[in-house]
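Paired with chain B in one complex and with chain C in the other, chain A is shared by the two complexes that follow.
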Partner chain A sequence: MANPLRLYLACIRNTLEAAMCLQNFPCQEVERHNKPEVELKTSPELLLNPVLICLNEAEKCLIETSINSLRISLKVKQADELENILTKKFLRFLSMRAEAFQVLRRKPVQGYDISFLITNYHCEEMQKQKLIDFIDIEKEITELKLSVNTRGRLVATEFLKQFIYVDRLHIQHFPHQELPAILLCMRMVDNGSC
Partner chain B sequence: NFPGGWRERDPMAGSAEFVEADNAEAIITRIETKSRKIESLLKQFKHVEALKTALEGSPPKTRDERCKSANWIVVHRAIMAIKDIDGMLNALDVEYYDILMKYLYRGLSTGDRPTCDQCLKIHEKLTERAGLGCILRCLTDTINVV
Partner chain C sequence: MLMAYLERSSPTLKETLLKIYRAEKPVEIDQHFYEFGSIQYHIKCSISDSHIVYVSTSTLLETQGIVTVKETSGHTYEMIKKIAVGVIDIVDPPKLGFQLTLKLYLGKIPRGKEAIKIITRISEIQALILSSQLKEMLKMLNFQDDDSQAMNNSIRPIRIVYHPSEPFYVFKQPEKITAVFPMNFKDNADVVIAVSFFQELVEVGSRKEMGKAPQCNWSPIPPFQLRGEPVQDLTTNSGFVSFDITSRHVEGKRLDKTVWNLLNFYAYVKYHIKCSRGYIQRRMRKRMDSLVKLLVNTSLEEEAAQKENERCKNVKKRMKVPTSQLMMKERCKEMTRRVKTSKFRIKINGCARFRFSQRWISLPRFSAKPSNKSYTKLD
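Take a look at the complex of A and B:
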């Protein structure tokens, strides 16, 4: 049986390739303005059907197209509260540096974790295949980071169990980046939820 | 293949809702007959015919959500029963590819895990055969929304 994640990515990639046919289209209402129609949704004739592709109940991808722009919103799997917080932090970090990425949207669409806005100008400057690859890689990186953090958390929990009844001053020997995760783990272990 | 009666009954768009209601009832009855036929075909393991029957009578221009949902349930049943995807696509005619793709996207938007798994598998094979044009026709077709 083929891996469903691979099929999901292939499906998104095919749909993106088909949907990424954008051309310049100046605004119809206001002269000399050029706006991404998918954001404003002023005229229904300029919009195509939005497509929602779900891998399961938690992960989905919404692709909305119009004549001059394309918006892709992703929702990534989150197993529990801690992953929720980590996802939000990581994706907020990316979104705040949206200008460096150019195709990233500063605020994700309601109900999703991250959104990309691709306009005809991006298609003119960058190659279509590379844009699609970029979005694929973003997805994979997000998932990798989350899984790494999860594994780190589990390992730290197991390791720290032996220190619970001994003094907590051992913390200063740990690298400072792991500190918040470790403190959280200790709190969770204390509460008996791990 | 619509029952001819409603056309003569009201040519003007004035009582369009009345016409829709009549039409909708007729369509729903047809869909129920179709679903019984499909159940019997599935029992005989004729999956391809079942899918063809399900896709054939898709009500194209109805705005009524009930007709579309009713038809979707029927098509969903046929899609989930398919095991051999390549064989199925070999036997299916080219004109059904577009409608099947529209139903696949509807299945993918439900979010239900077995449906999505099956739809993703068929989507990949169908894209290999039909190409990106099929996907694009689904995106652009705002009139015949499934």
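Take a look at the complex of A and C:
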């Protein structure tokens, strides 16, 4: 991992560790209601200053804290069109199934790709460290892009090979060390192990 | 690798012919079906004449902007007759609306595995017709002199349409023939996946070991040879893929392979995009399951740890003590029992004189009932 990225993730981790000090706080507006104050923003005294951590213009993290809840919004790097498409697909896929994750917000905050809402109840039920580890999504997008490109390369190789070899018998003329590797890679890519 | 190999034989035609061939009783069939949107088949078999099957086929062939149902050339007829000599006959004229009609004699098909081979070859009839047309074009362009082409500057690229909205162009260049495919996709995600595939195709084609394959290029703008062609063909969202076919690729057996690969390039790319999308979906689902497990485990870990501690205590109680410890325990128990039974009288050998029948210490008795002894209150 590059050094700036490592520092960026370390900064987010440390900030989250400090910010995840949440406690139960009933709603001041409505009796017997308990609402995440960071979403409503009705009482300024319950809100802390939001923290914006930027790696560059394309990657940033916004952490908004309140007394009983915490909202984390991430903007993921999208270097090219393929990463753009994969990021949108993956994050939309997760957001549509937000109920399975409990801490995920169905709709990201404007200007960001994905948002999490963590309340004091989540902190009671789950371990803080694991929640922080869960938030590292960029690695998944990078791996997905790599496997799509690998798959495309293998398919292109197979297509062009058809022009060279008329019969399957001639396939033995292909460099021996490369053919088994290609077939193995294709199988691994299809199985999703690479 | 299955996905690189698109079958020449029509699966529906093959299945229907096999069904008729294997049927114990004569069957009545009059069936129309389409494949890939532009290839049409008609199969007819009647009970009265159950040993003969009529197979008609046609494809939409559009060349140079003129929509025609082109007649099959003589060379193609010869190729078709060679598929199964004695088993099929070409019906002239073909059925109305069709390019070719074959008369199939079921009784003359040899038994066993040979029958399946012959039926498979008959099912490849459409691939044979399409390939032969493109083969003739490529041969014609290949053997054309460069000088004659230079003199005749009005030679335009040949526009070939085997499937609606999927035209491709073939034109002659010095020492090679170039086939250009304008690529269009409806979905934006398909466009991105296709473009990344084309870039990989160009990169793989430029490798040393692929030197014998046709050189492949991708460009977002059309090549200048296509100037003057219809605008709707030159407006694309995924660029233009071109293959440079040399004389090496059109000689002997390679011609058939080259032609088949060019004809199925669109289908190949679409199939790859479909498989890639399916793969992305599977991968996302798998990752989602792992993330959910990670979160569920964090909440269950603490509960599990508490339960584990309680369980350990219970288990420890029920656990068997090792034999040596067991013996020690039994000895201790025996000792305590003896001490108790001796009424707290500890017998020490040699100390008989000090043995008392009474207790050494008399403990006061405490009871819930108030003492009967009265007391005087101190002032």
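The rule is simple: the second predicted complex is superposed on the first by the 133 of 194 C-alpha atoms of A that agree within 3 Å, B and C clash if a C-alpha of one lies under 4 Å from a C-alpha of the other, contacts with A are read in each partner's own complex, and residues count from 1 in each chain.
Throughout what follows, a contact is a pair of C-beta atoms (placed from the backbone, for glycine too) under 8 Å apart; a residue touches a chain by one contact, two chains touch by 3 or more.
These figures come from a predicted structure and were not determined experimentally.
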item: Contacts of A:F159 with chain B and chain C, given as first, second, both or neither; value: second
item: In the superposition, chain B vs chain C on chain A residues touched; value: C
item: Which of chain B and chain C A:V148 touches, first, second, both or neither; value: second
item: First (chain B), second (chain C), both or neither touched by A:N14; value: first
item: Touched partner set for A:N56, first chain B, second chain C, both or neither; value: first
item: Touched partner set for A:L48, first chain B, second chain C, both or neither; value: first
item: Doubly contacted chain A residues - partners chain C and chain B; value: none
item: Residue numbers on chain A that touch chain C, as the complex places them; value: 81-82, 84-86, 89-90, 93-94, 97, 100-103, 125-127, 130-131, 133-134, 140, 144, 147-149, 151-153, 155-164, 166, 174-175, 178, 183, 186, 189-190, 192
item: Of all residues in chain C, those that touch chain A in their complex; value: 1, 3-4, 188-189, 192-193, 195-197, 200-201, 203-205, 209-210, 212-214, 216, 249, 253-254, 257-258, 261, 268, 272, 276, 279-280, 282-288, 291-292, 294-295, 297-299, 301-302
item: Chain A residues touching chain B - in the complex, by the definition given at the top; value: 2, 4, 7-8, 10-11, 14-15, 17-19, 21, 44, 48-49, 51-57, 60, 65
item: Interface residues, chain B side, partner chain A - complex; value: 105, 108-113, 116-117, 120-121, 123-124, 127, 132-133, 135-136, 138-142, 145
